[in-house]
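Some structures to go through are shown next.
Each of the next two complexes has chain A plus one more chain, namely chain B in the first and chain C in the second.
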Partner chain A sequence: MRYDTVIIGGGLAALLCGIELARSGKKAAIVTTGHSTLHFSSGSFGLYNGAEPLKAAEALAPSHPYSKLGEGMEQLAAKATEILNVAGIATVGNAEANHYIMTPTGALRQCWLSIEGMVTSADGKSFDFSDALILSPEGFLDFYTQFIADSFKRAGVTTTQSVFSLPELTIRRNNPTEMRSVTVARALDKEENILALASIITREAKDTQTVIMPAVLGFERTDVLSRLEKITGKQILTVATLPPSVEGIKVERALCKTFERMGGVIFNGHTATHYSMEEGAVATITTSKGVTLAANEFVLASGSFIGGGLQALRSGVAEVLFGADVAAPAVVELTNRDLFESQPFMSVGIEVDEQFKVLIAGKSVENLYGCGAVLSGYNPVKEGCGAGVAMLTALKVAENIINR
Partner chain B sequence: MNEFDVIIVGGGATGAGVARDCALRGIRALLIERDDIATGATGRNHGLLHSGARYAVNDRESAEECIKENMILRRIAAHCVEDTGGLFITLPEDSLEFQAKFIESCLAAGISAEAIDPKLAIAMEPSVNPTLIGAVKVPDGSVDPFRLTAANILDARLHGAKVLTYTKVDELIIESGRVVGVKTTNTLSGEKGEYRAAITVNACGIWGRDLAAKAGVTINMLPAKGALLVFGHRVNNVVINRCRKPADADILVPGDSITVIGTTSSKVPFDQCDNMYVTPEEVELLLREGSMLAPALNHTRILRAYAGVRPLVASDDDPSGRSVSRGIVVLDHATRDGVEGFITITGGKLMTYRLMAEWTVDLICKKLNIDAKCTTAEALLPGSSKDKSTEDCTRTAVAQSRGKASAFYRHGTNAEKIDSSTAAKRALVCECEQVSVGEVEYAVEQLGVNNLVDLRRRTRMGMGTCQGELCACRAAAVMASVGKSCSDKVKADLKGFVTERWKGMSPVAWGDTLREGELLSWLYDGVCDLSNNGKEE
Partner chain C sequence: MKQYSEHNFEQCTKCTVCTVYCPVAAVNPLYPGPKQAGPDGERLRMKSGKFFDESLNLCLNCKRCEVACPSDVRIGDIIQSARIKYSTKKPGLREFTLANTDLVGSVATLVSPVVNATLGLKPVRHIVEGVMNIDHRRIFPKYAFGTFEGWMRKQRKAQAQFAKQIAYFHGCYVNYNNPPLGQAFVKVVNALGYGVQLLENEKCCGVALISNGFIDKAKKQAKSNLASIRKATEAGLKVVATSSTCTFTLRDEYEHLLGIENGDVRENIDLACRFIYNLLCDGNHNLQFNPDAPRIRVAYHSPCHLERLGWTQYSIELLKLIPNVELVKLDSQCCGIAGTYGFKKENYQTSQAIGESLFAAIEASECDFVATDCETCKWQIEMSTTKKVLHPIELLANHLS
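And then the complex of A and B:
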């Protein structure tokens, strides 16, 4: 099978790159093992920590992926937002100034974009409501409402806490591992359950106009929150739960659908295992299911260690498919003993040139581009830039391929 | 009431054993532990129920003690022990002559030791190195040191002993050359305390040197670090030892859902005893030697690395400190140093904790003129029962729920006290180790759990493949709702727990363990933003 571009990886970077290529008329294919790290998403997207992320990104080291974007960072950020919106993911926020999203432990963390309908704060201190009901499914252990209540209390918001159950969830709970985010979300895909929940909200909220819930409102359906708001007349906001992240899965699904709608093809459940080269360029890749794909360009968006793009061996770090050059940190140790200190392995990744072409044995491969978490030179957790690097480098690679 | 007959300092297996023995003999005892129970050497070893075979050739006395205690523990602590059996294997580079001597020494010490065909050994334990040229079957097993210590503490309390964890001894109260009590600080609340007793027992392991110093007594101790690795699944079902002179990393012990290889042995300075890190060299050695026992270790995921400190005591008659006593050391400081009311119990091993306690309490009885016989070799620990074997209980419980079956495995008959009457109580907090909400509540209410790390020691929550990644948050919430803690305290606890997990993961962070580490960092530093906890105001 022959494509214009084959993308290896199925996460945020791969999908954005794919969508951008597909909508510019390229015949693109994505090869993905399956669940991407979007399943652990917080429901928000970070560009860079600090009040003004674009300004903060100007002062980065040349090895940072952002430093290779050139002048166009602002435009790329706008394009990323636009693609999310095209995919039906409504977002809040902009690249000029960060806002804050409430985390599952009630912390307020800076972010660039957040999914509409989640609890956010413009200044990280206050909210535009003074009282709220926190409503969570009974027996749902992945969302601790007291964290949320205490966080609101610090911001001067009075809250009451309540739990709800639905006959379907009561049955589910007989299996001791069933009360997880996805189970609840799936139950809320059903109209009868939405109606039942709406009447519970009306009854429990009384005069309170704002209701805070874990982000489990619908799995297939994306209109559950707005349906509930419409029926109850209340403002409903959500906070991310512990994984699996329903919001992250919905983003993944929306982006996949958009890519396919624009003509892209997804080889799901395929791990790219082999490749062939011709005249210094990648000619084909072959997947674990024996499918060989030829293309003019290849994009390596296979992620870091979790994603499976990188592998830490006892002898060092390797890029799994091509054995591409890996930029290891100056220090010998991959880890810091303190989990909450900067972890050196976070910045480990492959080396790319100024055009994001992947280096193998010190030489840029003419038609192989790298983007997203497989790249080196940044710490997504400490810099709050994981999503930003994924999306912006993906769009830059797409731009480079289109202009090729 | 701050008056006791005996104060025991140290909540390891030995201290817990002394407290229980005192309580069973009607002696009013107070146990003081600066951290949680089983946090020192007790919880940082193989969890091997030694048959004594390892010591048979070089240390007959230890071997005899081990086999006797082995048989006693199988009876009194059935729910803490697993009868896995053990093999001592001879590899091509080892001498079969040693095997002959080994069997002879075992038999002389009362340890059954039967040479078997290497092919039979492979059939018994398929993970064993297939190149073996000899194998001897011995009655080794595995023992859960956390459960064992908790059961001793539970029984001590049932019989009237008082137990204070997170309580540090600031000073010994000395009046006219006699230790008459201790002054303490609660490390959680800062609250000061003063307790008096006719006798104070130093059961602090390697930290016993410092307590003795508070009485002006010198004990020449040598901290010997032993590092171990935990593998991600139960590679072997039978304990595998190397049939040679005891050396590094020559014991592979299965326990619960994992396998442990160890140990190394190296001298460390005293100031490192509180914070042990496993070095890359130790990891290398453990893997190299371990894979000689079971080659599968080379490609089995390593969950974590940990290390403990053996409290080796230099013989009193050797001023150079080189001659080390490996056996049980009971020091009556009245006769040794002229300090009345103060006893040190140290040396020994986890296997002999009960015997160490017996000797100590015999001495206490002598000093206090109490005529009471030791019954700890016969009296079953709570959780073990003559009528119901743990296996029977587990089998019945499996029909009801996996979580309940695991609970019986962990708590023996005490698992009956765990509420599993509703879906809410049966819901699983930790899926790797099948710990239910009811079990968490039971541990918090009945087993003296103060934080998530304590909870892990009582239930194995967070000890499985994911190392507490998702269950920690759930358990924190359940604990908070039982204990009504404020959320800042819960978050600090959560942060402490994942920090502790990572401490053991980072020395072996490659392959899937690094992936797990990346997720751990993403979740707790990223998604949850716990690193900024407490900085919000």
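And then the complex of A and C:
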């Protein structure tokens, strides 16, 4: 089968690149092994740590992916936000100044965008409410109410904690380890359960106007939070749970649907295993399911170690499909013994030229572009820029392909 | 073909993505979900078979967990293999009747008007439920009067006229229930310049035998089919099937679940839509369509086993080639029937709950027909919606000039 562009990978970078190409009229296909790391998403998107992420990014080393974006970083950030919104994902925040989102352990972390309806703080120290009820499903193992209560206490917010149950969730507890975020979210797709939960909220919250819940409000439905707010008259805010992340899954689903609606094709469950070259350019890739795809351009958005784009071998780190050039320190220097310090392996990835063309044996391949977590030169955890690099490099690659 | 170790479950990172996409776990709280039933449970079962839980029989073997898995864990295979190895539930009369499609089909096609009329009666279906535990609401596929193989015998000479030849694995459904689909396939392939032969001795692929616990018989039939497929392969014939599940079983389940080597012929077993699409792309073949065929809106449903094969796009691209067909792609999801699973009384509710959103999407699509490559999806959709379901090959054949 033949496409204008074939994208290898199915995560945030691949989907944004795909949507941008598809809406410019390109026939694009995505090839992905399984579902993406968006299933572990925090519900927020980081651009760069610091009060003003755009300014902080100006002073980065030339090897940092942001340094290859040129002047257009601000516009790319705006475009990424617009695509999320076009896909139906309502966000809070902007690239001018970071805000803070509450993590599953109650910590407050800087971010650029967060999904509407989650617990956020403008300054990382205070909230615009003084008391709240923390309400969690009984037997739900992936939400730590005490950590969250402690965090609010530090910010001067008084909280009370309560649990709720629904008949459907009680049966689910027969398999306690499978009482997970998605299970609860699915139960809350049902109108009768929403109504039952609404009356529990009214009963438990009493005079408290703000209710904090795990981010499990609806799996297919996106209106459960607003529906509960409408019935109860309370402000309802959510905090991300441990994986699987319902918010992340909703982001993936919305982006996939947008891509497909714009004519994109997704080969899910396919691992790209082979490729062929013609005159220094990639001609085709072949997948684990025996499907060969030809294209004018190929985009490597296969992720890092967890996404499956990079592999750690005894001899060093390798890029799995093309054997592309990898920028990495010697194996002994890949880790720092201090667990909480910056880990060098986080910055390992492939080398690309100024146009994000992938280098193989020191030469950039004319029609092969790299974007997202497979790239080298940045530390997503330490710098808080994983989502930003994924989205902005993906859009830059799309721009380079469109202008080709 | 990639070789998998029995320690494949070690690749699981416990990310739970599989459970998110399990259609059974979504609607039936009694099912522990693929992660626990598969890789988690396997670790324990390796210690002792007593850790086997009969709730694994609730798995409908759709393999959507495997498609969703980012770590290439063969979750569905692990669950099915555990059922084969440890389940103490012995198959009964119901399982025998549902699984032995060849035997039941050969008898039924002889007296199909009687069988169809009888099984259509509500009181009879209640008796069937009482005796066999097959849900009375389930509508049986109608049997044909005379088999596809019988029809093909009369075509032998005509088919031999073609210079290029393929072997057709028609499957039980085409043979006993829907010979017109087989005839449509012959028509399309003939139009591309290929004659159609039958395998020397085709038996049911065995998918229903495997899921109903008749493993020895399944192995016997697998060996017999592979012997016929090898002969065809040696004669230079590609073996092509219209059913996505037959194709999947021949290519993957024989080796993964029955432990029968098929690596030498696996790449020679193809699905009709893929085979035809690839021919049309090679620049030497094309089909003439009837420009005056009525304009129809078709909603395509991708069957689970076709998703697992990874070949859904071939059927979609093929349908897109037909002028006067306006294609709507339905979101990929399980229809709930899973072969014989949905016939069983204890599964009926789960089966219909799984398919519910698909049925709603089909009705909302305002299509004239639904298209799909799987016969049991067809039964489920026709029973549960107002739409008629056709195989993409039938649509192709109907629109040829």
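Simple rule for what comes next: the second predicted complex is superposed on the first by the 401 of 404 C-alpha atoms of A that agree within 3 Å, B and C clash if a C-alpha of one lies under 4 Å from a C-alpha of the other, contacts with A are read in each partner's own complex, and residues count from 1 in each chain.
FYI, a residue touches a chain if its C-beta (ideal position, glycine included) is under 8 Å from a C-beta of that chain, and two chains touch if they have at least 3 such contacts.
Please read all numbers here as calculations on a predicted model, not as lab measurements.
Once both complexes are superposed on chain A, the partners chain B and chain C fit side by side without clashing. Applying the stated contact rule after C-alpha superposition, one finds that A:L334 touches chain B and leaves chain C untouched.
Judged by the touch definition given at the top, the superposed model places A:T103 against chain B, while chain C stays out of reach. Once chain A of one complex is fitted onto chain A of the other, the partner contacts of A:N268 are limited to chain C, with no touch recorded for chain B.
Shared-chain residue A:Q311: touches chain B; no touch with chain C.
After superposition on chain A, the vertex angle at the CA centre of chain A, spanning the CA centres of chain B and chain C, is 90 degrees to the nearest 10. Between chain B and chain C, the partner in contact with more residues of chain A is B.
In the superposed model, A:F40 makes contact with both chain B and chain C.
After overlaying the two complexes on the shared chain, residue contacts for A:P243 are found with chain B and with chain C alike.
Contacts of A:N174 after superposition: both chain B and chain C are touched. When both complexes are overlaid on chain A, the residue A:Y66 reaches neither chain B nor chain C. Closest C-alpha contact of chain B with chain C, superposed model: 6 Å. Residue overlap on chain A between the chain B contacts of one complex and the chain C contacts of the other covers 37, 40, 174, 177, 243, 306. Here chain A touches chain B in the complex through residues 37, 40-42, 103-109, 138-139, 141-142, 144, 146-147, 149-150, 154, 170, 173-174, 176-177, 179, 240, 242-243, 304-306, 311-314, 334-340, 343, 345-346, 380-382, 386, going by the rule given at the top. Note for the complex: chain A touches chain C at residues 1, 33-37, 39-40, 168, 171-172, 174-175, 177-178, 180, 182-183, 186, 220, 243-244, 249, 260, 265, 267-271, 287-291, 306-308. Contacts from chain B toward chain A in the complex involve residues 277, 401-403, 423-424, 426-429, 431, 436-437, 470, 473-474, 476-478, 480-481, 486-488, 490-491, 494-495, 498-499, 502-503, 506, 509-511, 514-515, 517-533, 536-537. By the touch criterion given at the top, residues 2, 13, 15-17, 19-21, 25-26, 29-30, 32-33, 35-36, 40, 66-72, 267, 281, 307-311, 313, 317, 329, 332, 357 of chain C touch chain A in their complex.
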